[in-house]
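Across the two complexes that follow, chain A remains constant while its partner is chain B and subsequently chain C.
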Partner chain A sequence: MLAFRLALRNLLGAGLRTWLNVIVLSFSFIIIIWTKGLLEGWDRQARNDMISWEVGGGQYWHSEYDPYDPFTLTDSHGQVPAGLEAGVTDGSLVPLLITQGSVYPRGMMHAVLIKGIPPQQKVIELPTAYLEAGEGDVCAIIGEAMAESTGLKEGDYVTVRWRDRNGTFDATEVKIAAVFKTTVPTVDVGQIWLPLDKLQEMMLMPGEATLLIRGPEAGPPPVADPWVFRDQDFLLSDIETIIKAKGSVGLIIWGILLMMAMLAVFDTQVLSIFRRQKEIGTYVALGMTKSQVVGLFTLEGAMNSVLAAIVGALYGIPLLLVQAVKGIKIPLSSSDFGIAMAERLYPVYSLWLIGGTVAIVLLVTTAVSYWPSRRIAKMSPTEALRGRVQ
Partner chain B sequence: MEDGKVISIEGLKKHFPMGSGRFTALNGIDLAFGEGEFTGIIGPSGSGKTTLLNIIGTLDNPSEGRAVILGHSVSELTPAESASLRKTQLGFIFQTYNLFQVHTVYENVEFPLLLQGIANNRRRQMVLDALEWVGLTDKINSRPAQLSGGESQRVAIARAMVKRPAVVLADEPTANLDAANSHNILQTMEKLNRELKTTFLFATHDEKVIGYVRRKIWLADGMVARDELIEKN
Partner chain C sequence: MKRVALIFLLTGCLSSLHAQYPDGKQLLDRIDRNMSSENRVFTSTMVINGRRATHTIKMKTWTAGEKKSFTEYLYPVREQGTKMLKLENQLWIYSPSTDRIIQIAGHMLRQSVMGSDLSYEDLMEDSRLTDRYSAVVTGTEEVNGRDCWVIDLKAFVPEITYQGMKLWVDRERNIPLREEMYAKSGTLLKRTELSDVERIGNRWYPRRILFRDMLKDGKGTEFIIEEIEFNVPIPDYIFSKASLKK
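Now for the complex of A and B:
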């Protein structure tokens, strides 16, 4: 208690020097919490959006289907297994047929994935109802990124070319019924969505699908051998890998910030011990043991982070709260970034994040304060009193 | 305590390493100090005054010989024991005052009592008493930077005296003061010495201090050159 009282008195008495350290440290606190909260919010938003727009409650894949190998698309289709037909009928499973093809907007060829989906599906957020709107036309929907890269817009007609199951090239004109906005690039970039029955007809694959998407609230997945069930964790593993990689970059930034703050504390401690030699000698002369003086100086250094947490809370809580409620506008679109990213990210600040950050900074500050303070234990008090310790 | 002496020193030597050899600061000192003495240890720079005071103050250890302070042999004390002795029984006054710059006058004087864990009410009364002895009750909220040299040294005296130590060690206490302030603080210390029976040892070569002390011990080359008792009314 005495050491705490003296440390606080010395710190506050040091005035500007203390407050400069405290402000630098508080910036570190806030920026660490902010960046971590932003990544946490992004992670949560990306997971939710991926589930809503693409992953659903998991997917059944045709045994040959490999999304990373386009050559498998030719063979990765088949009749829906008998055990899953009921789900397709009641709408809890959405069949998708996927094939490669090309579109020719304004005479330019663009390689695309053509995806067939039932227009009446309710499992994912894709606005497939637009696929029913055509009167004699084959309707298609595309995402904003696709529209931007091809120059297509709602109401345009575009030629689509594909190879049917016999390998024969065929083409037709489709009408862009809607351009949808999404944060999930994997349902947008390089893709055109058609009604499932129309694509099955075009491909000469009636009743066939490449994969089936389950509703998020569906129960335990029935076995549908030889189709393979892929759960949410499997389907979201890519995005989690990317976010973890971005998290590592974030970790480096926090490390640099923390190091800068610790450098300020370390520098102050080294300077203090050199500059306050007479004070150290006087403490010993007045009856403190050297270990008590080491403890006092360590506590002074560590209390920088306690004060920083208080100061940081004063301006940080309102700042972070506003951002958590109003979100942060991201200047890049999801297609630029390659993974699901909303135009506005809402950081998530958990108690664990805030408490953990404060604890880590406090521990590191204490260690950094103790390191130079050990020198006091080696000082001769008589030399310290004369200010002669080098 | 040996023969009623608060301090007894026998065959005291202190060597410091210097280059490949050593420098002998104290070379066989035999001295004893009784309760309530007001003694000056006098000598030029390098004569060993400060070294002797540091050993008596348990801030340093003898190289040879024996120094017994209030019944405790300095060389046999553990660091915690010597710290405890300094905390309760020894007061220090320094040439450069050594006040804590970020503390107020009150807090500076309060410090030794905080170390002893004395209760708040009693502590406050002791601090105010000490400040009254030195005539600084009107400066309790000032910081050292706002005080004159004489006032600063009076705060240092109050800090040394507040715990009512048995021995006060003053190293060149007037060296940074003008004549008027020197006389003022010497009168203050003399008054406290008479009233509280505290033993005062001064390391000095200041004639003003020498004029106040009742015993003069001259040191030369680390040895006692003369030990003179002055009769005063």
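Now for the complex of A and C:
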């Protein structure tokens, strides 16, 4: 307790030097918590949006389906396995048929993925009800990014060209029944959605699908060989990897900040030990052991981070709270980024994040404070009392 | 009674009109004799008229029927030495910059060659119309000052790129001067204009073909045959993977 009081008094007594250290260290606290919170918020939002718009409770893939190889689409379709037919009938499984094609808006050709989905599905958030046929038209829906790249808008007619299962070209005009807004570019960019039965008819593939999406609340997935079940973790692994990669960039930034703060603490400690030799000698003369004096100086250094946590909390809590409630506007759209990203990100600050950050900074500061303080153990007390440089 | 007589008269007129037209199948056979061969070796230039720029590609191709084809790019410099081998439904591409051979799935054959209006299938296959289409001569029209038969073609094999075609065939030389390819729905997809028809050996052959995707704007892709030889002996090694790296 004596050591704590002494350390606090010494620290506060150092005045501006202490407060400069504390402020720099508090910036580190806030930046670490802010960047981590932002990534956590993005991760959570991306996961939720992808589950709502695309992944559902997992997917059954046709054994040949590879989303990274569009050439596999020609072979990756088949009848829904017998064990899953009931799910399709009751709506807990949504069949999707995917093929390659082209659309020709304003005399330009755009390669697209044509996706067929039942208009009455309720598993994912796509506004598929717009696909219900209207007076002889084949209705289609597209996302905002697709609408922007092709110049299409609601009510437009566009020619779609595809090859059926025999490789024979066919083409028809479809009506853009709706343009939907989504944060998930993988259901938007370069895609056009048609009613499943229409696409099956166009492709000469009645009753066939490329994949099936499960409802998020469905129980354990039944086996449906040779179709492969892909769970949420598998389907979201890409976004997790990307966010982790982004996280490592954030890590570098706060690493630099932390290093700057630690340098300041280290520098202060070295300076203190150099300038306060008489004080060190007095402590030893008064009966403190060398290790107790080392402990005192280490505590002084470490208390920088405690003060920084308090100062950081004073301005950081309101700042971070406002961002958590109001969100941060992202200048790029999700299609620019290529991954699920909302226009406004809401950082998430968990107790684990805040506590972990405080613990890490405290630990590093203590280590950095201890490092120069070890010199005290080698000092001669009498020389120290005389104030001679050792 | 008068009506019946009128119907008979009209039917008679129509059948005599059709009797003046050659048999569709025979006409297709005559076209095939001009356009198809057991094998051929040709050097060609492909001019791709894009929206922003025009690209020119020069290549030499060895083709044997529908199943074997070998192409080497001669120009531009960055593509020089790139070779493609097609055997049945498989395609291998050799790129000298990486010194690697990549095998590409059969579906790639349906993709456009370097942004042109031609697919690898169009470029590398020489298939006979009579093997795939039945034909009916529907009339006569003039194309580029030449009298032509107009023929409607309908595919009788399921696995085919275009289910319907319409040809304008030079009545004298039995060579199509215009072709239109249709989707199953009847939408016009592609039009080719064949010109600079020359006598090469015992056949007529177009030196210049303009391919146009009718669903998009643009000037299309021009295919110019600079040199061509029909039914010349092609060594077997040409159609082997070993020749890709030679």
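Here is the rule we use: the second predicted complex is superposed on the first by the 385 of 390 C-alpha atoms of A that agree within 3 Å, B and C clash if a C-alpha of one lies under 4 Å from a C-alpha of the other, contacts with A are read in each partner's own complex, and residues count from 1 in each chain.
Here is the rule we go by: contacts are C-beta pairs under 8 Å (C-beta built on N, C-alpha and C of every residue); 3 or more make two chains touch, one makes a residue touch a chain.
Not measured: the values here are computed from a predicted model.
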| item | value |
| --- | --- |
| Fit or clash between chain C and chain B when superposed on chain A | fit |
| First (chain B), second (chain C), both or neither touched by A:14 | first |
| Chain B versus chain C as contact partner of A:314, first or second or both or neither | neither |
| If touched residues of chain A are counted for chain B and for chain C, the larger one | B |
| Which of chain B and chain C A:74 touches, first, second, both or neither | second |
| Contacts of A:163 with chain B and chain C, given as first, second, both or neither | second |
| Chain B versus chain C as contact partner of A:171, first or second or both or neither | second |
| Touching partner for A:109 - first (chain B), second (chain C), both, neither | second |
| Partner chain in contact with A:359 - chain B first, chain C second, else both or neither | neither |
| A:279 touches, of chain B and chain C: first, second, both or neither? | first |
| Lowest C-alpha to C-alpha distance for chain C against chain B (Å) | 70 |
| Partner chain B, residues of chain A touching it in the complex | 2, 5-6, 9-10, 12-14, 278-279, 281-282, 284-290, 292, 380-382, 385 |
| Interface residues, chain C side, partner chain A - complex | 51, 104-105, 107-108, 110, 155, 158-163, 181, 183-185, 187, 189, 213, 215-218 |
| Complex contact set, residues of chain A against chain C | 71-72, 74, 102, 104, 107-109, 159, 161, 163-164, 166-172 |
| Parts of chain B lying in touch with chain A, wherever the complex brings them together | 50, 54, 57, 59-60, 79-80, 83-84, 86-88, 92, 94, 96, 98, 100-103, 107, 111-112, 114-117, 159 |
